[in-house]
Amino acid sequence: MADKVVCFGEIMLRLSTPGYSRFIQAGSFDATYGGGEANVAVSLANYGLDSFYVTKLPDNPIGHAALNHLRRFGVRTEHIIRGGERLGIYFLETGASQRPSKVVYDRSHSSISAIQPGEIDWKRVFEGAKWFHFTGITPALSDNAAHATLEAAKTAREMGLTVSCDLNYRKKLWSTEKARSVMGQLIKYVDISIGNEEDAGKVFGIKAQSTDITSGKLNREGYREVAKRLVEEYGLKMAAITLRESYSASDNGWSVMLYDGSGFFISRKYKVHIVDRVGGGDSFAGGLIYSLINGYDGQKAVEFAAAASCLKHTIPGDFNHVTAAEVTGLMEGDGSGRVQR
Amino acid sequence: MADKVVCFGEIMLRLSTPGYSRFIQAGSFDATYGGGEANVAVSLANYGLDSFYVTKLPDNPIGHAALNHLRRFGVRTEHIIRGGERLGIYFLETGASQRPSKVVYDRSHSSISAIQPGEIDWKRVFEGAKWFHFTGITPALSDNAAHATLEAAKTAREMGLTVSCDLNYRKKLWSTEKARSVMGQLIKYVDISIGNEEDAGKVFGIKAQSTDITSGKLNREGYREVAKRLVEEYGLKMAAITLRESYSASDNGWSVMLYDGSGFFISRKYKVHIVDRVGGGDSFAGGLIYSLINGYDGQKAVEFAAAASCLKHTIPGDFNHVTAAEVTGLMEGDGSGRVQR
Amino acid sequence: MADKVVCFGEIMLRLSTPGYSRFIQAGSFDATYGGGEANVAVSLANYGLDSFYVTKLPDNPIGHAALNHLRRFGVRTEHIIRGGERLGIYFLETGASQRPSKVVYDRSHSSISAIQPGEIDWKRVFEGAKWFHFTGITPALSDNAAHATLEAAKTAREMGLTVSCDLNYRKKLWSTEKARSVMGQLIKYVDISIGNEEDAGKVFGIKAQSTDITSGKLNREGYREVAKRLVEEYGLKMAAITLRESYSASDNGWSVMLYDGSGFFISRKYKVHIVDRVGGGDSFAGGLIYSLINGYDGQKAVEFAAAASCLKHTIPGDFNHVTAAEVTGLMEGDGSGRVQR
Amino acid sequence: MADKVVCFGEIMLRLSTPGYSRFIQAGSFDATYGGGEANVAVSLANYGLDSFYVTKLPDNPIGHAALNHLRRFGVRTEHIIRGGERLGIYFLETGASQRPSKVVYDRSHSSISAIQPGEIDWKRVFEGAKWFHFTGITPALSDNAAHATLEAAKTAREMGLTVSCDLNYRKKLWSTEKARSVMGQLIKYVDISIGNEEDAGKVFGIKAQSTDITSGKLNREGYREVAKRLVEEYGLKMAAITLRESYSASDNGWSVMLYDGSGFFISRKYKVHIVDRVGGGDSFAGGLIYSLINGYDGQKAVEFAAAASCLKHTIPGDFNHVTAAEVTGLMEGDGSGRVQR
Amino acid sequence: MADKVVCFGEIMLRLSTPGYSRFIQAGSFDATYGGGEANVAVSLANYGLDSFYVTKLPDNPIGHAALNHLRRFGVRTEHIIRGGERLGIYFLETGASQRPSKVVYDRSHSSISAIQPGEIDWKRVFEGAKWFHFTGITPALSDNAAHATLEAAKTAREMGLTVSCDLNYRKKLWSTEKARSVMGQLIKYVDISIGNEEDAGKVFGIKAQSTDITSGKLNREGYREVAKRLVEEYGLKMAAITLRESYSASDNGWSVMLYDGSGFFISRKYKVHIVDRVGGGDSFAGGLIYSLINGYDGQKAVEFAAAASCLKHTIPGDFNHVTAAEVTGLMEGDGSGRVQR
Amino acid sequence: MADKVVCFGEIMLRLSTPGYSRFIQAGSFDATYGGGEANVAVSLANYGLDSFYVTKLPDNPIGHAALNHLRRFGVRTEHIIRGGERLGIYFLETGASQRPSKVVYDRSHSSISAIQPGEIDWKRVFEGAKWFHFTGITPALSDNAAHATLEAAKTAREMGLTVSCDLNYRKKLWSTEKARSVMGQLIKYVDISIGNEEDAGKVFGIKAQSTDITSGKLNREGYREVAKRLVEEYGLKMAAITLRESYSASDNGWSVMLYDGSGFFISRKYKVHIVDRVGGGDSFAGGLIYSLINGYDGQKAVEFAAAASCLKHTIPGDFNHVTAAEVTGLMEGDGSGRVQR
């Protein structure tokens, strides 16, 4: 029987322009569905866990299509509630070379942002579960959503689940002040924090020394310090950081780091030629959670998670459609890309 | 120099599923832009008038694409203002045979619905213009939008423009009570009302006797009475009614009627095999306005307008991409559909 | 708690040419998945039943995609077993007017056709279930598949489930002699038979008098006799027959008939303008099973089932993507196809 | 060994808008290749004849793609010569209901229109051949092309081939005066003329009494007279006329007539729901030539040719992708459009 | 009030194969519109200038679609005249790695190439304008087009506009001799010349020493000399040169140089991973003209123009769909391609 | 008169997911046709040889489409026989960066695998031919196919043709033991062997020292030894080896080597940015055969063949759609990818 894991957050309709077209050129949009926490849920289902997603979706065909998209890929949708005004949308155009990918959010007034206290029966949701994952996006959506997240995190902690949180700071959703205040409450119930090079700085004011994220160069030493401070200052078990080197919209360097309170583990670095980098961080979270549930040691955990998210960058859409065997294949050395017949 | 005409209202992103796919099957959406008043503006531009559209669009690439869609087809966009939260969206799946087309609206919180008093300088907009057209959809969006519509209609009347209004009752936007109250104010500044078989009943409680709109049969006599009452009770110059006979989602009968205070004019009836019926009524309004500006007599006006909207049903998208010559061609008798080489 | 129903059979990759292209013109195929029994399972899930599908799928990504297609639309896939050589395929080109749709089967050597005795634990599958449905296609695939079907039908009968069978004679899979022999065994465990105008004749030699199925005219009296004989000669509870009048590949008449051992019930006849008629009979079976589980009387049952399958003809793909509310809407009278906003 | 047949004329790049889009909506064009005589050549190859096409194509990749399109469908291309300026193009938008399909020609200055006397070695081309087919389009392209056509027709006659000509009057290419003068020369070498209801009138001034082609009604008696006069006045062996009743761009009636100097043969009439009617007349010519080469009697010949062209109307593109068996299937009675499994 | 700028030249239908397909594989073409001067006009409209395009388009739907394409993107089309035979076409297949992109021109006999003296009222066109831009392509089309260009350039000079010319030598359109003779006349009215590494050599015989353009290496010193000689020998104010290093069809180096009669300015060099390099030079011209109108100094001008054209290489189609803010963003340092949320 | 060459083997339907989609994401498949030997036949037709393909195809429209695909690109199909059960299929998803392309074969029970002794009249097939090419895939399909291959190779040798064989070891089709036994028989009739870095090892146990093919590094010295041993031990005239350096699924190094019994020839190495690498080896075989038939010396032969296969990597589909002139263009130095206008 597979371990039960629960993710909570939003899922949006993703409308992306075909190929490298800009928004103003598009005569159609590719339609998939995704979101920071849903992406993790799909990863965990792909790896064979019993993965549940909790959200609120409008009771119309667009909400239904979002639900179908999750269950198509093996995520359990029994605890999703229906109602509210609309499904959040994000528009995406895929960048190339020096032109960045661009996201236009149209997520206000979504059903999840108007979720009411008590609408979800968290005790029933977490029954028999081992792990709860959320991100810093959901509490940023609205006070209602922040409240629901707090309910969830507290209940999970009380019921003995491991709780992970991807800090995921979104400057369009809230200020750093608001983020610090709300996340400061939530972090108390968190065991493992995940974030990119910027998140800890934006949310908790913990910054690496002298790193210029736009230059494509990263200061690894600095990030060790960030991870260590996160663990120590917030009483975490572990802190993980993704290290993206943005050479261009087409090519990135990608590696990840984990601090478990005693040791630092840094993965191999991948030079990735990018197909779709949205969901890259989420695929790391998925790989890390799977690794830790499986009892992988620190080094194996970062290697698995880094390989998983390396592969995500080659797959269109938010979701990381890979099996654990494929991740292991890459992690154990074959990045040669030879045809598999 | 072409006559200047002004339309005011919303324009939405229209996301339609390819072919006859249902929403839950779609992996992409065809993206165009449309809305009841914008559709009229494009018709008028196609016929050679100097056609202006007034609306409020968000200052993001999606709003910009909507603006581009209008100017691509010759509509003047100088008076469009930018700002606000989002562009309204409607999702469309195209029905066939006994399965109706289905619209899911996601238009709340749009920029136009939050328009502020005085944001548009109506005096400048109407300078030199001959005609102003709006519909019952815009005031239904919000009190703000209703207020702006009232500003516009009053100013237009004061400046001597002819004012037309398509009643266009939308039950998802407001109650009949609210509609009657708001439209009751607006109708005072209207010269010509346009509506389908149901609108006058829903908005003003004026109903034709014993017509069952779902049976595909229409009671023409009853609608004469409706048109007459509209003109008499609301002091209009003219009232026009579209008479759709819905045999199925694939085949409709289509004719139109005009009462000009003295005579009734009924067009020829077209049996239409439908490609896309959204915007059918708007294309009638466009044809009628053009006819009346051109001084066509009542019979010629209904024939032109009916032929115009007959053609619309054969064209994908909200807009009626036909020239006046094409409409005249059909109106003067050639509905044989022979290839034009 | 929804009633549990079980369908057993094949699911194939369906490769259809875009639009009305012929096979030799196609540069791509639309890829969906379907099959006579899977189509019923999806209908039942759409109506809210707890619908399980049982089959055997190859353990490769193509088999996985078929499984995903089922669970996307709410079908429970826990009892699907994996292994064997390949997924069956059928190629489809959609006809129009006088040109018939054409199916090229490439289904030999499929995983399901090589299923072994005992591979499926039918007792566990049927635990708590109310209904079992299969068709005459599965036993025609191979002796192995026939054997598995017999195991299933026997066990279902023993465990008290209602058993329905769509006769579905396929001349490319077996001879009428072989069909009669195998189906003669299976029919003993069947409560309700379903078939089109030809099936009873091909499988059991029971034919309506003087009906020429290619002329588009049907002899309803003759089919009453067929239904009656089926029930009486094979000890069934009910026999249902679909009555398709093929005017052309684009337009059909469609009605259905049920004999319940005492009375005959004939549905309203729909004139359908066809989008995709594959799966039409299966959608009838789905509607009928749902009706009977819900305890509808004979007339209501045929009306619901006929309306359901009428709608199927307007939807691309094998599956009937409609809700019970949509079926009821049509059944209660609104076939006018007016836009639903 | 199959009979050798030769067709001569143009082949153009056909750029058609997707679905029912109008030209000004299109963001892409479907690209196939076709033309009046090439369409006949493909039909004849489909029926198993040894079918050669003769034309001149530019020596660039677009010309090469046209050649490939012919050989893909089994036409022999050994006698095609290369050179000249460009490949002719025609743009097509597909009409529906009351909106006609529209063709925009961009065929001037094509390689074939500049063909030089003697460029084609007609003796070698016709070696061992039984039949030569051309149309009234080619001589209309230019004096050069008319000259080449005359060379071909004369040589064919001298070498004992049967010569057929589809009159195919194109008003955008020449005047009726020019047509009469040039075709008056060519008709001397023709055995069988083919045309629609209008061609004989436009080219030779032979008109049916009181037929209004735009009304969708045809005067069959009048066309008998036309066929008879064609045969008698121009010393033909046979004259064939296609009888299209244009109810709309979506639905046509279609039948054909042949006069063989002694008897009149009129085919069954098909009511066709149209997918693509371009090439309808050409598919009739293909069916007729095949019938006559095969020695079918007059009635069988018109039935085969009518059925062939009925099927063409259901197939996208200029070419009639059907086998002789499929045509015979329809001709012998099964127009029911039932799925062929 | 934005500055008025005028561009004059051709606009063609661009038919490109999807993805990396070769011409002989294509079953459809992506259809956009573009041309050396039209591309500049769109850039200038994007940057907020009041940008007019002058050309002659056929009076058919294809010509109309070209016009719509311009106004969609904000270009003023009031001075476009209609008539003539056809719209020029170019076919494009996009190369990759060692396989170059390939253009097949079908532009002879276009409406613009047959433009008549006096057809355009240049005085009215240039009224209130600040800048006139043309390229060496237009005069190469025909003597008529050369004459019209001369009319335009003279009038612009007389009316005090700044005149820029992109030399743009096209070997398929004329010989170097003809080019030198015609361009020798035109250059007299030019203030600023623009060209790539080869143009000055082909048109005016001014070559850099020892540069092998196929090796991907460029001799910057040599090009300084070229720019200087252009300015001195032809009395220009400035000469700009684009410096493309062609590593492969997928990756290029890109920088630009400007000589203003006193100083040389060389931009930063971008390594571009290419999406679509057609229009790369035109986007540089657009960026440069905008910079100079805005009064940017030499260094800022080359940096803006280089960044603008760097971005163009990442956008499908001829047009450079970027805002001035996006160009400035890249120019001021962020080429990291990080997602913009 | 072009030299006649014959290839024998399978051709499959290739179903590839659009863009970089994974199998489980695909809603459609791009459909082309290909296979190791058919790919060579198309290359040879492209270079102007009289290229025949011999295979067995099912007598259904899918088989017919495969045949059409060959003749579209100029391959002679007269010797293809029809019958048997099905056309083999392979599913392909295109990898990127660290994610390899993946092939799922569904080729069992194909018509060619069940070919019977004597079904093909090899004497007639080889009449007047110069060259026969086959690969190690065909004998691996089945004993029947191995037998037919042996018939062919023997007859070709007897009739004096040069015989080439691409070893092409496929581990999913047979064991190394079976391969060695069967290929051991076939190699007796072979003049020239072709293979990649692994084939000689897998089939004949001849391995290069210390090469790790997954590391992207190749040991050229080792491969010299392999080629030499192949020639000496099996009495060949020549042995050719392709040297792929797999940096990733997006970027490869590519060079080739030929040993002619006296000298070694190694081509220039290309760094290829990959569009589609399936058929890369086959395009090398095609280039080599053409070179040798043309009498190119060893160095020129490897340069032509390497350039040909370099270009293949930039073209979607199995076939190498390039002309000899294009190959020569690259081979003689211009890999700069500059646009060809």
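The first chain written gets the first letter, and so on, giving A, B, C, D, E and F; residue counts start at 1 in each chain.
The criterion applied here is as follows: contacts are C-beta pairs under 8 Å (C-beta built on N, C-alpha and C of every residue); 3 or more make two chains touch, one makes a residue touch a chain.
Just so it is clear, the structure is predicted and the values come from calculations on it, not from any experiment.
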Touching both chain B and chain E we find A, D
Could you work out which chain's C-alpha centre is the most distant one from the centre of chain D? A
Most remote chain w.r.t. Chain E, using mean C-alpha positions, is C
Is it true that over half of the residue numbers where chain A touches chain E are used by both copies, so same, or is it different? different
Comparing the two chain pairs, does A-C have more C-beta contacts than A-B, or is it the other way round? A-B
Please compute the C-alpha centroid of chain E, do the same for chain F, then give the distance between them in whole Å. 44
Would you mind listing the residues of chain C that make contact with two or more other chains? 22, 24, 27, 68, 73, 102
For this assembly, give the contact graph shape among line, ring, star, complete and other. other
Pairs of chains, among all present, that meet the touch criterion: A-B, A-C, A-E, A-F, B-C, B-D, B-E, C-D, C-F, D-E, D-F, E-F
Taking the complex as given, what residues does chain A use to touch chain E? 19-22, 24-25, 95-103, 105, 170-172, 213-216, 246-251, 277-278
Taking the complex as given, what residues does chain C use to touch chain F? 15, 22-24, 26-32, 60-62, 64-65, 68, 85-87, 89, 91, 93, 102, 104, 106, 108-109
In the complex formed with chain E, which residues of chain F make contact? 73, 270, 272-276, 307, 310-311, 313-317, 321-322, 326, 330, 333-341
In the complex formed with chain D, which residues of chain F make contact? 68-69, 71-74
